[in-house]
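Reviewing the structure listed below.
Read from first to last, the chains carry the letters A, B, C, D, E and F; within each, the first residue is number 1.
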């Protein structure tokens, strides 16, 4: 039976293992025929949507891996607007609104409010969280 | 007697209190006639050098406060290059080298290696660390 | 796999206060899935919850050199993690 | 202020494992300066190191509503924190 | 559908507690049932007379006492954690219900989440 | 001038341990005396046969065993933490010295630091 998931990532790449564990879970869910309703980035998790990460070439590029996965499966990736603005993650709309020197949001991620999380929480069979460890 | 300090900030603004406590310490040190040799951002602390933070207008803008303090007192602010590249903080040089869509490093912060920390550690009377709490 | 009331997913080491709270708040009908640094609980066998089913995510176990699992612990891959999360009545990510 | 061998600066709550380790690794000649969430140690008086001098950063104490300090604890401002960090032979930020 | 948001980190040192509050208020704003549970050092969010101006942050006392108005079901605090941190009816803000944070409590909610 | 870099966080879950190693190697590269002390769950960095390929990270076993070549003074591990995590001479990587992490140890170094 096909089920739906909302995944919430609150840990940043290159600081926590959260984006990595979440991607392993997401791929397995899709492989099993389930649907990822949306991926919601909250707190420090918004850094996963950065277009400016340049990890060493022998390390996995997690923002890149996530972007490709979301695009391939047409899954919405949403960064919480309050978390993103505080932490310096902006698209061109927010760049203009706050008169910032540049934008750094990576496609296909979008910026939206916590309502996206509430909606996912209501609609999906399961909402799972991927937090930073220790 | 005038002494010198190297301050190392490893906690990010809007995630930890580290940049805030460090600024309180730095201002008190300068007021007491001491010198801040340099401020070194390491790990998640590099996010303090972001030019794109837009916190709510009723919250303190920590990157802005730190920039003004460093400029006013001509104190070098250095973000560790390895930490910065992994976490999506780049100046125009790194933007070009890694073919990234934009740059987001805030003046007067610069990007350099851990050697800056070692040098500060050797030269300064005291090297203090401001980590994330819990 | 049998029924699980609540699946507790723990990704913190046994020294993290949330690990102790997670184990405290489990009932005998619950399952515990160790991921990330949570798998280090396997090296502290006396802290494992006695009454509940315990699972550990294979890549995290192998990364930390804990291949020899105790007899009461089942290793799972991501596909089994997905199945477990749907079988349980609810999931809590600690 | 008298001599301090090592000044330990603690900004974690008493529940954080680093708080316990910090107190364990202190000697009677050391000083403890509580900042950030470290000031919550004042609400857990029995965990305070008995033998050592204890200081707490005023703005952090006030933010957490812990104005009534125990008798053995000195409140300090940032200027005094700077002085303490220079008086001690070494400083460790936990 | 009922949600329990757990806060186990102390106030002001990190942003997760504040972001957990935002989650609970957001659920309430969408007419979803939501409660808050404070455990461990997280109970220190509930202490009276926090003066956070000196660290340039905002106290959340007002937000929490207004929680019922915004449709929040309950503000719960773990009894043992309150005792450990010297919090009683005289030092806790109003509107807090003391509970034992155990397995039984969790079964009262469809969903339990942390902000980070 | 001697520096002790302390690592009290377990491997792979966070980047601070790795960044602490970078600090120690950097000191050694500038001919500064540096030692590493693993405490608490941090001692798990020192377990033999870590296979981190499955989580797309690199094991640090090779880096650590090469530490003396790069000029590192010593790799120390807290005895009590090793016992707690079931680590003994058979399961620890080579070149580790067991110590009691106490006040006396700290006075042997001019400077002690964490990476985060």
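Brief remarks on what is shown
Convention: contacts are C-beta pairs under 8 Å (C-beta built on N, C-alpha and C of every residue); 3 or more make two chains touch, one makes a residue touch a chain.
Everything numeric here is computed off the predicted structure, so don't read it as measured data.
Between chain B and chain E, the least number of touching-chain steps is 1.
With rounding to the nearest 5, the Cα superposition of chain E on chain F corresponds to a rotation angle of 180 degrees.
Centroid distances built from C-alpha atoms place C farthest away from chain B.
Of all chains, the one whose mean C-alpha position sits at the greatest distance from that of chain F is E.
The geometric centre of chain A is 39 Å away from that of chain D, both derived from CA atoms. Chain C and chain E have centres, each the mean of its CA atoms, that are 27 Å apart. Measuring from the averaged C-alpha position of chain A to that of chain C gives a distance of 25 Å.
Among the residues of chain F, those in touch with two or more other chains are 9-10, 12-15, 40-41, 55, 57, 111, 113-114.
Residue positions 11-13, 15-17, 36-37, 59-60, 93-94 of chain C each touch two or more of the other chains. Residue positions of chain A touching 2 or more other chains, listed in rising order: 14-15, 17, 43-44, 59, 82, 86, 129, 131-134.
Contact between chains, as defined at the top, is found for A-B, A-C, A-E, A-F, B-D, B-E, B-F, C-D, C-E, C-F, D-E, D-F. Remark: chain B residues 8, 10-11, 42-45, 82-83, 86, 113-115, 117-119, 121-122, 127, 129, 131-132 touch chain F in the complex. Chain C meets chain F in the complex at residues 11-15, 36-37, 40, 43-44, 58-60, 62-67. Remark: chain A residues 12-15, 43-44, 47, 50-56, 59, 63, 82, 85-90, 94-95, 98, 100-104 touch chain B in the complex. Listed in rising order, the residues of chain B touching chain E in the complex are 14-17, 20, 58-60, 132-134. Residues of chain B touching chain D in their complex: 3, 17-18, 21, 24-25, 27-29, 31-32, 34, 125-126, 128-131, 133-134.
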